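Labels for the chains are A, B, C and D, by order of writing; each one numbers its residues from 1.
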Amino acid sequence: MKKVVANADEAISGIQDGMTLMLGGFGLCGIPENSIAALVKKGTKRLTCISNNAGVDDFGIGLMLQQKQVKKMISSYVGENAEFERQLLSGELEVELIPQGTLAERCRAAGAGIPAFFTPAGFGTEVAEGKETREFNGKMYLLEHAFDSDYAIVKAWKGDTEGNLIFKGTARNFNPMMAMAGKITIAEVEELVQPGELDANEIHVPGIFVNHIFKGVNYEKRIEQRTVRVGS
Amino acid sequence: MKKVVANADEAISGIQDGMTLMLGGFGLCGIPENSIAALVKKGTKRLTCISNNAGVDDFGIGLMLQQKQVKKMISSYVGENAEFERQLLSGELEVELIPQGTLAERCRAAGAGIPAFFTPAGFGTEVAEGKETREFNGKMYLLEHAFDSDYAIVKAWKGDTEGNLIFKGTARNFNPMMAMAGKITIAEVEELVQPGELDANEIHVPGIFVNHIFKGVNYEKRIEQRTVRVGS
Amino acid sequence: MLDKNGIAKRIARELKDGYYVNLGIGVPTLVANYIPEGMHVTLQSENGLLGMGPFPYEHEVDADLINAGKQTVTTLPGSSFFDSATSFGMIRSGRVDLTVLGAMEINDRGDIANWKIPGKMVKGMGGAMDLVASAQNIIVAMMHTNKAGESKLLKECTLPITGLGCVKKVVTDLCVMDITERGFELRELAPGVSVEDVKKATDGRLVIEGEIRQMEL
Amino acid sequence: MLDKNGIAKRIARELKDGYYVNLGIGVPTLVANYIPEGMHVTLQSENGLLGMGPFPYEHEVDADLINAGKQTVTTLPGSSFFDSATSFGMIRSGRVDLTVLGAMEINDRGDIANWKIPGKMVKGMGGAMDLVASAQNIIVAMMHTNKAGESKLLKECTLPITGLGCVKKVVTDLCVMDITERGFELRELAPGVSVEDVKKATDGRLVIEGEIRQMEL
């Protein structure tokens, strides 16, 4: 049961048209660049993508949108993307908008074997339409369900050949929960090391959740809003 | 808002008779030794204690049992404790037994603002009595609720003055979820450092969850089952 | 009348030592510039950072370190990173002491609408619905009226709701109001603003009683 | 007839390369001693350790490193620590490939009773209820009969249930049986045990069909 694969092409080789994928990242931070490039190259179609955002026109999931590979996006925020907007308005693309915390928790629930849970986000809004509501301690909550996805594709900073993952900074975001939530989980990492090189106390995702791991290459790590202060 | 207190006595000064406490640890591993000693000294009574185990006769929560400070234990396993058994059989002590994973998840839910969730553990058993059940994808689950506790008392390896915590080895166990679950959280740590000395990537519990922190002293760290192999 | 910075400055007076604060995008973000000297306030960014520092100097820019507005930021001593589930866990469990958000509309029962305009491309609610449903202490920072001069403090929101009955206080270019069972209770007037100005600009139930102070900034 | 080590040895033959395995206290723990040479099996300890190593040498003993049986253990290269919520998360979400548990009783529908004896001090279920409710692949390691010679493989469990319909296979001192809709299906006999011995010792529905092999150890 070797978890290590040579590259993104090999890692995604099992992904078929029509599947549901989770893709880690917040904005363009911590996205699985290599795997997205491989999916674009492969041309897999009719994908449902669960990801907090949909990238920008020419980066991230935006690249898959350009190739019309995405049937449906499940996200909390999808701005900053003209092609997305065009496809949405033309009816080529479906979108399901979910509160960010609910999105995170539905991933977490999937990885934790919790089929459903109550959360307050969206009560009284259109997000609540058709959902069971219930009062706990005088406050109203919605019943939300764990996501069901075929693959989770995440990006980590360091990983070992056992699949253990460590994330860096805010590139962590949705990656750990998604890594734990996929039926099959692919992790691309900046540094791939041997077992024992990562401190067992510092691992964010235990290897048991990861099926395929590879060392990514040529990370661009594009910055969406480069805000700086003057001086040094 | 200084989080750092001088010692266990000061940390627990707000704990009153009749309160519900969460106490971290699995067996005798990772238990808040200093705080337990202070509670024994203070003599706080009629406590409800949520803790995976109840210590042994002369260590851990067992010390509080000896002083008859505990009205009710909420645990997954309470063996290895003769005084516990005596009080239970005599009716002095109430016990509620909960599957270990459910115990962990009910703590996690409290810290995550999730009032209730479905879990499969205990379906069809006496644990399910009186609980709502529901089928998801052909499998049966029980509805379980977040714990409601006045204080959580945890033991960490390292902490900083902002309340950030890092645990060591399997002394992590229930400590992180409980730290996040208490209305007020007390953390005792082996090493207390200044902000910035802990790597922001390696923190297990962010300081926002911790109200009082202190450097513990004289840790005994008793071992329940000292199993060794011969050789070196 | 206050400008955006004036609103931020006034909201900064609500901060207390030791507070954990989540600042929304736009005017709320400016509140960070007015944290009183010597006061220890920790900023939470819901993408997974506690202890957000200022924007980086050019050489400090790190693509792996952004805030919820996707801007490059820095950390401070004592910062911590965590995943988004933990982040919204701390939000939902009420650990954030103060949440400051912008709004398109609010009503006199504290409902807020700030995520969707029918007929326009809907970008999504991001973390706003979680924040408004969870925070114990939400202050809305907004202009009192829209560009057409119509009140944004309404009897009923006309836009789709983000959350019900969650706003406790609103700071606008004109005034500070608490939202209670009785409606918008006027507390403070911005410099050069009269009670009459507020009456004219407020559509929802307005309560003018007791001492109404001049705003201190 | 098998002794405890024989049962463990037979169960070890169910291991596959790359498996993550949770071994219960008692006989199941012994399975770790029979992992085939060169096979990569990772042991999960539900208190929060993946990649459990052997007992420590005296100088390696660490009070902060124990297994679910509260015994001092070691780590291996590639081990990871996590909290109990994550640990049971991986159990509930089906990441553990094989779970081996002891039992007081099982029945011919795969129900298991292993946590409580009425009239005796109840110590608790620990993680057993989570494990049996979650694992896709549970093997029970047990003696076929109790000390009074009564079958522990029953039509109906007499003791309080730990989980319903969860046991797929049982390895006893006498035999290996799969549990299917039809009941206990005899697959293998331990050395020196006859079909008749199994019949006599089994109370629940027993299916004796097809090839019944001699157990290989």
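FYI, a residue touches a chain if its C-beta (ideal position, glycine included) is under 8 Å from a C-beta of that chain, and two chains touch if they have at least 3 such contacts.
Owing to the predicted nature of the structure, the values given are computational and were not obtained by experimental measurement.
Think of each touching pair as a link: the shortest run of links from chain C to chain D has 2 of them.
When the interfaces B-D and B-C are ranked by how many C-beta pairs touch across them, B-D comes first.
When the contact pairs of A-D are set against those of A-C, B-C or B-D, over half line up by residue number only for B-C.
If each chain is reduced to the centroid of its CA atoms, chain A and chain C end up 28 Å from each other. Mean C-alpha positions place chain A and chain B at a centre distance of 33 Å.
Mean C-alpha positions place chain B and chain C at a centre distance of 36 Å.
Along chain A, residues 105, 112-114, 119-120, 167-169, 200-201 each make contact with two or more other chains.
Touching of two or more other chains is recorded for residues 81-82, 85, 88, 91-92, 134 of chain C. Those chain pairs judged to touch are A-B, A-C, A-D, B-C, B-D. Within the complex, the chain B residues that touch chain D are 26-30, 52, 75-79, 85, 88-89, 97, 99-105, 107-108, 119-127, 157, 167-177, 204, 221-232. Residue ranges of chain D in contact with chain B, taken from their complex: 45-49, 54-59, 61-67, 69-73, 81-85, 87-88, 91-92, 111, 121-130, 133-134, 160-164. Chain B contributes residues 1, 110-114, 160-162, 164, 180-181, 194-196, 200-201, 203, 206-209 to its touches with chain C in the complex. On chain A, the positions that touch chain B within their shared complex are 105, 109, 112-120, 134, 136-137, 139, 141, 145, 166-169, 200-202. Residues of chain D that touch chain A in their complex: 16-20, 40, 42, 44, 50-51, 75-82, 85-86, 88-96, 134.
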